[in-house]
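To keep things simple, chains are lettered A, B, C and D as they appear, and every chain counts its residues starting from 1.
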């Protein structure tokens, strides 16, 4: 199968279950909302080493937010309910409550369960906290130095999808890099997903386990390393390729992740020099989801 | 004392010791370097609730970096050597190694001790890792999907300063907010410091302890809350003020933090409506550093 | 009439007819499209002194553009057909053709007439130019150093609306400025309009004619100058106001301009310290359009 | 000659004389200064079709500006004194005076002559204008809606250099594009120069005259067009190259342009896949300046 002359391999992305929250951060200005959203979702590429997987989903204009102010939807994810509870509390408490003029709303549909994040944060008010209602939501009003911080009382979470992915194989390094940038920008228009890695792309695909050092659970995927291939080491990268980048996607469900993969792949295939779209899997026995590339189109 | 008609109060900022690292992240492009630097320093406002205090110090043009590529200096800080070691490893390994085309160099002068972060990261190479020298530095070369990731073998840390601060008291909320933005931008030109909170400013000053709930170690500083003052609750905010913002600064030493406070205060005082510059302290018994506001000028 | 406690004055914006074009600029990446769009719409605040009124309307994701690449819609406007023809030719030829990887499509609905801009630009190809069709559009393919520049053969224009406007009257300078920023960001989500002034806002409202110097056709509107009011000079600004900013909007028709005014005013009214929304007019005899503020809601 | 394995051709850039102004635009915030600077320098790639060549030179932190506020230096250039006078007046009057909180200072050293731009603009004040002195400079104070606009009375110009240039020849399109981006970012750290084309780079090199159409003075340089080469048409591009981009530089003098070319070339040569650096000239008889590539190093 080809799109715009680019081969779409007959393979699948193997993705995993993860607990997902989805919050709307509003502020007095669009810029202030983005500043808070960015701080709250940093250090959040993969739960392999980060305390959460987190990222910015989309911008919401003032006319569509509960408080009429500009906002950004963010997602914070973790496989463990306990860790997710902690991350939500600290990322909101330390990175959004501390940012000027912000408010936080729960915008996850169809939650499995709820976390009492807002309820816990209200005690910071030391007795001066209050309650109000916005758009039918119970909000805690916490007085802070610069004004009042408003936070919804509870935040839902649900079983979502982590690790949706595809590889961009290109004839040069920067043809591949630009295609990855284009894919990430295209995915940004799909609601309900994030690309949690830096700039949305992963420069370092890994394999399970490690052959040389038994103290490591994961290590570089040497058969997909472009510089090893160029040194003549046995490789799974096609002969004419000199650039390989991976896009990783987390989403509220498999449909959202599939829509993101489709949008990203179609956009990547507009960049000259992209040769092939591949995907990462582990034989199909590890992850709960298999998303076949060719079935997306 | 007055600057441009703004009262500089006769008080001091009480600051604390913290272990500080200072890294240079380079990449193929300025934008890619910033993307990695931003991801690696997110979720890093205060060690009260974040796993580190972290931020971007400054941009370094290609002509001044060891590898001739554009870069950003970042700082990652923690009071505990063990936690700092962990944070450095994970923030570099998960947020910079995973970003396309990056390299990381140690740029802290006068280190007290060293962390073997690069040495530890090299095992990700699963036996394919190599070594090289750049600018007299020992670098590990780790093959990853998109090319090679280069990281210096060791990173120094030293006892620096956390919690340098000043308050901007203004006659309106946004006069204060804009002054805070201006101060943060001015501080960005001072080397050796970061403003770790979102957008560099703190909207929520806190006090030690909590009067209403004994399970909290810190809570809102009700005497500096603008909305409580406007409700008639006893306040330390002057009568004519309607906007209060705090700037918090971490730095490699007290001189750097003092220079940042000076630059930030002078810049804030150019904004119309700023009434007074104050500072936060805890009676002088908690922190290792007292930085007197009036002595800065 | 009040919105969120802000008085909406019972007055109208007086707007004018202007010839409007609407183009889609696509490129390999979102960033490259924005760079070209920004260059092509600079030096375009008002035809009083600029060769055109121009600005960025909105972003269009890859899935919705004719060539599947990211793009920005821009508008270029002038009262004279001849001048508009010249501006389109030079702004596309000098600022978009010269930018890497771009293409330009006509996206104006219901054009009154057409300009042969693409047809004229093709001769730059010196005989090597070609033709193709994208999405049913006739495109000229002009070989340039970095690849091929594609431009639609003709661009429509129609009689649109210039000078839709409102004033934000606030209790402090920066409360007003932030409200103006918020209004501009909100207007950005309304299709078919631009806010051509720097950052979308006008710091310098003018009046027709000049009392002191007969060689000037326009001069500062002294009755709306905040610093003159504070010096005690007779003013139309209310006593408690210390910040005044104007938003000016051009659009494809009166409905688009009205929708933009509505979105901008509602967003501005979420900012604390905004006192009043006013509008600029010249007695109603100069402009073809009167847009009443209170009728918007 | 080679840099980092990239061939530096034994050729020269042929550059031209142009009249150059250099202005500092300050504002309440860094962002507002950049907004005004960007608007005032748009539609300014080449005097072949634009009314001026213009761009942003560099950022100046508050501690180094005459009014203690953040600022950006911009350059506006034209070969004709009369046109330069007009452009300065309109670009300042329409794009900076209209932007909130701005002031404009003359920062050209060693001017040949002066333009009375500030003096002319002051009449917009309709008799309410005033004068003041900042840092020994005579400033006009013009009351506008949002406050006072301050502009230096006169602006110097001098005979500078236009059209300093180099070509980046790369093995793929995006390797070349990324190298061009890197070069432009590196040049941004060199004072006294601008890269006036969109994003600093030129996608469309031209030749003098036109073979097929006698009504054109300039046309595409078919021997440097990558897509024509790939179609088998006779080309000056080397066989293994698939990406060609030009950087064009204007500066206050030949030394500044040379420093910019050096910084840009060195940075471009760090990007993998760059094969060769070339330069554009017209046989040496048209331009006043010849800058030899190899002499830069």
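Operating definition for what follows: contacts are C-beta pairs under 8 Å (C-beta built on N, C-alpha and C of every residue); 3 or more make two chains touch, one makes a residue touch a chain.
Computed from a prediction, not measured in an experiment: that's the story for all the values here.
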Which neighbours does subunit A have in common with subunit D? B, C
Between A-B and A-C, name the chain pair that shares the greater number of C-beta pairs in contact. A-B
Taking each chain's mean CA coordinate, subunit A and subunit C are separated, in whole Å, by 35
Between subunit A and subunit B, what distance separates the C-alpha centroids? Give it in angstrom. 25
Quick one: which residues in subunit B touch 2 or more of the other chains? 28, 147, 173-174, 177-178, 271-272
Quick one: which bits of subunit B touch subunit D in the complex? Just the residue numbers, please. 4, 28-31, 61-63, 67-70, 147, 178, 181-182, 185-186, 188-189, 263, 266-267, 270-272
Could you list, by residue number, the parts of subunit D that touch subunit A in their complex? 171-175, 177-178, 271-273
What residues on subunit D touch subunit C, complex-wise? 28, 32, 35-36, 38-46, 48-51, 54, 89-91, 93-102, 123-128, 142-149, 173-174, 176-177, 180, 197-199, 201-206, 210-213, 215-216, 218-222, 224-228, 233, 243-246
